[in-house]
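The next part holds the structures, each set out as structure tokens.
What follows is subunit A paired twice: with subunit B in the first complex and subunit C in the second.
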Partner chain A sequence: MSKRHFNWSGLYLALVFVILYAPIVYLVVFSFSAGTTMEHYHGFSWRHYADLFGDTRMITIVFNTIIIALLASLIATIIGTLGALAIKNTRGKWRNSLLSLNNVLMVSPDVIIGASFLIFFTMLGIRLGFVSVLLSHIAFCIPIVVLMVLPKINELSPTLVDAAYDLGATRWQALSQVVLPAITPGIGAGYFMALTYSLDDFAVTFFVTGNGFSTLSVEIYSRARQGINLEINALSAIMFLVSLLLVLGYYFISKHGGRRNRIVTVKEGDAQ
Partner chain B sequence: MRQKTLFIVPYALWIVLFVIAPLVLIFYQSFFDISGHFTLGNYGSYLTSRVYLKMTFNSVWYAFLITLVTLLISYPTAYVLNHLPNKQFWLLLVILPTWINLLLKTYAFIGLFSRSGSINQFLQFVGLGSHQLLFTDASFMFVAAYIEIPFMVLPIFNSLAEISPSLINASKDLGASQWQTFRKVVLPLSMPGVKAGIQAVFIPSLSLFMITRLIGGNRVITLGTAIEEHFLTTQNWGMGSTIGMILIIAMFIVMFITGETKQKGGTRR
Partner chain C sequence: MAKNIMEFRHVEKRFDDNVVLKDIDFTIEAGKFYTLLGPSGSGKTTILRLIAGFDQPTSGEILFNGQKINNVPANQRQVNTVFQDYALFPHMNVAENVAFGLQIRGVKKAEIKRRVQEALKLVQLEGYGEREITAMSGGQRQRVAIARAIVNEPQVLLLDEALSALDHKLRVNMQTELRQLQRQLGITFIFVTHDQEEALAMSDQIMIINDGTIQQTGTPVDIYDEPLNHFVADFIGESNIVPGIMKKDYLVSINGQDFECVDAGMRPNERVEVVIRPEDLDITSVEQGQLVGTVDTQLFRGVDYQIMVHDVRGHEWKINSIHKTTVGAQVGISFDPEDIHVMRYNETEADFDARLDSYEEDD
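What follows is the complex of A and B.
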């Protein structure tokens, strides 16, 4: 009885995974096709990869996207971690309103964020381009960092901090020697999530990007509107490989980190 | 620890500049017409125009369907995942596609659904003939649901994983069948996750605009499409902001209905 049940659910899960991965596999497979359409496979070829690496515009855009993502998530992680530490110290009403304000950008539709930032930058006279895109990405990455760091701070036992003070630690020492090491997994997770958000964003960037500057999502959008171009397939194959490595890295870091910090955290956090 | 109040400075600055100011500005902008005069006309024309009202209704209806499809696929997935050994690893596999750029996934479907694309080749092979798949409502909803699945699976999975096994054992000890245990114990306890998932899917579905363009072929105009058009094509920021306000109101309604989920809800983790 239970055996049969398992088979059905296994089949269902397999089906879901096929649906989830079919488009990605499809993209990757056709990136090696010698043809120019995603309809018939024309034998193995690296030509689309050669095209991709010869396409300076695309390479520049990929670098722009990566720089924006790395910078935005780094700055967002710093501000977000400080914010989470600050929220921890607030009480009652203040705390609740801070948390609600924090979540506004998490739940707002992308178009609203994009449109309102566009009005905001135009009113301030900030030229649309690198700066406006970077500022927007920092802005929408901050709340996710806060949400990832806050639980780790809440898990941290106040007695540990008190103990540090009792042993003569200064505030800075207590922070850098006790609090920060304990919440590092949260900060790491926040940084990774911010990176994902930034790399994946299309709608907000689309609104605030202006003419001269472009990120990958926006570029793919405009190319996809013109039809199929297997160069994009080659690009997606590479991106998939990179994401796979990042995710595996993240998985092992979070597993490892969870174990190492067990002593510091009162309640053992699940490896997230 | 008091000194930590200093930490709040950059964060508070962010709240003022990037959370409060933009919302105030979009509200303010909604009272101006295309030539910059103060007016209530945007709201007037929104409320009296059949086109806008029908568009809003359609948008909500499609978002509802997308959420429903996503939920029906995701709940069993999360449930099965939760019973697997190494479930964190499998969960990671569900989340992995979200790391692939959204546009790339949508782009893949342009190829899959095209007139002589793989799906049609398969349909012909089975003898069902080829069909127009791209630029239909069904393909639009399928792609939207595809993209949203991980965001629905994740919160449901988390709430299922939090259910203590002893509760399920207790229910079985008391003679409940598998189905009864599911209906009376597991399902109610997983509702916070379901609500969080609905929030995480419904609101973005209202505002999708690139899928409507690339897959839906502009047949479905969502609130998001309308806003994008007013801001970037016709440059009528006032009307765009007005529709934006409608979208914000819709968002609050959704959050109110799916409320009680505390901070855990609504985050696309």
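What follows is the complex of A and C.
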């Protein structure tokens, strides 16, 4: 009678994870290979890591990417949060129209957005480079922030602001001391989402990077076209490790750190 | 003589084309417990929002201590509100919530601490200051909301359906506590509710509101015993309302049968409505009853039985009695002249008061 049923769902789950992680594991393993191709493993070596840290162009690009991501998501968070507040305060059909305009940007293909930015910047005579990449990243991050913050605002009781006024607060005090602190988890989630979108964006960035400026995804793409370089594997392995640590850190903070026990779900998996 | 703290003069409020309040006129005396009572959509919450300053009247004047305050914003009024959903700030703990108003006004830290503790003590939440709002029960949140309002020492405290989210037992307890608190603090409370029991139990003065107008203002006893019109009689308490004809002063005819009553001042043979409260009707023997009827149903409700009797003329009477009867039995119904209250159709409150004064002086 104690014959156990075979656990099909467990097997399925394991299979999914294997398929998802196998390419990454494969890539990481070859980053330690002494050889220069991924056809055969040639024994353990740190040489690709040494190459990577000696490659100043690559290091510069890594920092460029991080600066763009941090700046773009910060600015997008500010604009997006204010935008979400404005959408919430808009009445009637205008509110839905605004929200739809926001969502259209989320679903429209990156290629289209990238191409239109390229045309837009050339038309305005903005030189392609740091500024154009930053502006376009801010632009495509704003809708993400709006979508993350808006539900938090909708959760707030409409009388909360009235209560703040009632207790003597000015409009600014009501916003800074009541509304913003109450939606901070949503703002934080929006910031992280924007960060991950900015970090791994390829399609939009591809159009608006100029000659002297590049981000990681674009650089890796152009190098991969010229043949596999295991330096890229080393870089990918490091980035994978960093994002893993970020996820673990986030998990730890949300589980033990938060005084208010508020847990926000943020998809960190995109950052690699 | 208590001084008037607040006055509405011909206040009207429209939202677009929708008239929510029509010609509202009243005065509020300092230190009393007022209740705005009416069904949902009657405009009672709008009156509260006008007092608090969240909305501005379309026309008319609102006076506070004799000063017109129509355009004084909410954050500059000496009025605080307890909201229906409490509107506590979720990112602050209990003490921070209560301290918010004082902190905004730049009160010194030591004083804030002292006053917050005092306020928490008043609502019996001593020692709960460090708790998170999410860790508090509904009744406790209610108290936090009250503490947050009274800590600012407002001249008027507004309570918007403040007890309706609590369960029945807690609500009854809070009614007593609110009443005590109001006496203790001596400030004016304006309480909005649709629950007539709550209004009767707590108030010094009740304003009955329907359809954007004040139907009747008075003490709970006045309103219960002498409702002005059909709406008030029906809304407050349970009642038997039957059409009648006022033959002459102190004599009313119901379904062709004459009864002595204590009302007067109407035209002879005027068509009127007669209110008799179910608890004023007694079941007696057929011989002793002024009306005779058959018991249709009997409902045990804990404190009493609700008995439905239809009389020989086919009219249904609702009777609340602590004595049991038998369904299907022939019984008599008896009542005294004082139990009858006669209402004229379309009488204004001013006319009603004048009429009452005119014949009560004669007695």
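As a working rule, the second predicted complex is superposed on the first by the 243 of 272 C-alpha atoms of A that agree within 3 Å, B and C clash if a C-alpha of one lies under 4 Å from a C-alpha of the other, contacts with A are read in each partner's own complex, and residues count from 1 in each chain.
What we mean here is this: a contact is a pair of C-beta atoms (placed from the backbone, for glycine too) under 8 Å apart; a residue touches a chain by one contact, two chains touch by 3 or more.
Keep in mind that what you see is a predicted model, and the values were worked out from it rather than measured.
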Which of subunit B and subunit C A:I220 touches, first, second, both or neither: first
Partner chain in contact with A:T196 - subunit B first, subunit C second, else both or neither: first
Touched partner set for A:I142, first subunit B, second subunit C, both or neither: first
When both partners are placed on the shared chain, which of subunit B and subunit C touches more of subunit A: B
Contacts of A:I113 with subunit B and subunit C, given as first, second, both or neither: first
Set of subunit A residues, in rising order, touched by both subunit B and subunit C: none
Residue numbers on subunit A that touch subunit B, as the complex places them: 9-10, 12-13, 16-17, 19-24, 26-27, 30, 37-39, 78-80, 82-83, 85-86, 88-89, 98-99, 101-120, 123, 135, 139, 142, 144, 146-148, 161, 171, 193, 196, 199-200, 202-203, 206-207, 216-217, 220-221, 224-225, 228, 232, 235-236, 239-240, 243-244, 246-247, 251, 270-271
Footprint of subunit C on subunit A - complex, ascending: 157, 159-160, 162-170, 173, 177-178, 181-182, 184, 260-261
Residue ranges of subunit C in contact with subunit A within the complex: 52-54, 73-76, 79-81, 83-85, 87-92, 100-101, 104-105, 132, 134, 148-149, 152
Touch list for subunit B against partner subunit A, complex: 1, 3-5, 7-8, 10-12, 14-15, 17-23, 25-26, 29, 73, 76-77, 79-81, 83-84, 88-90, 92-112, 114, 116-118, 121, 146, 149-150, 161, 199, 203-204, 206-207, 209-210, 213-214, 223-224, 227-228, 231-232, 237, 240-241, 244, 247-248, 251, 255, 263, 266-269
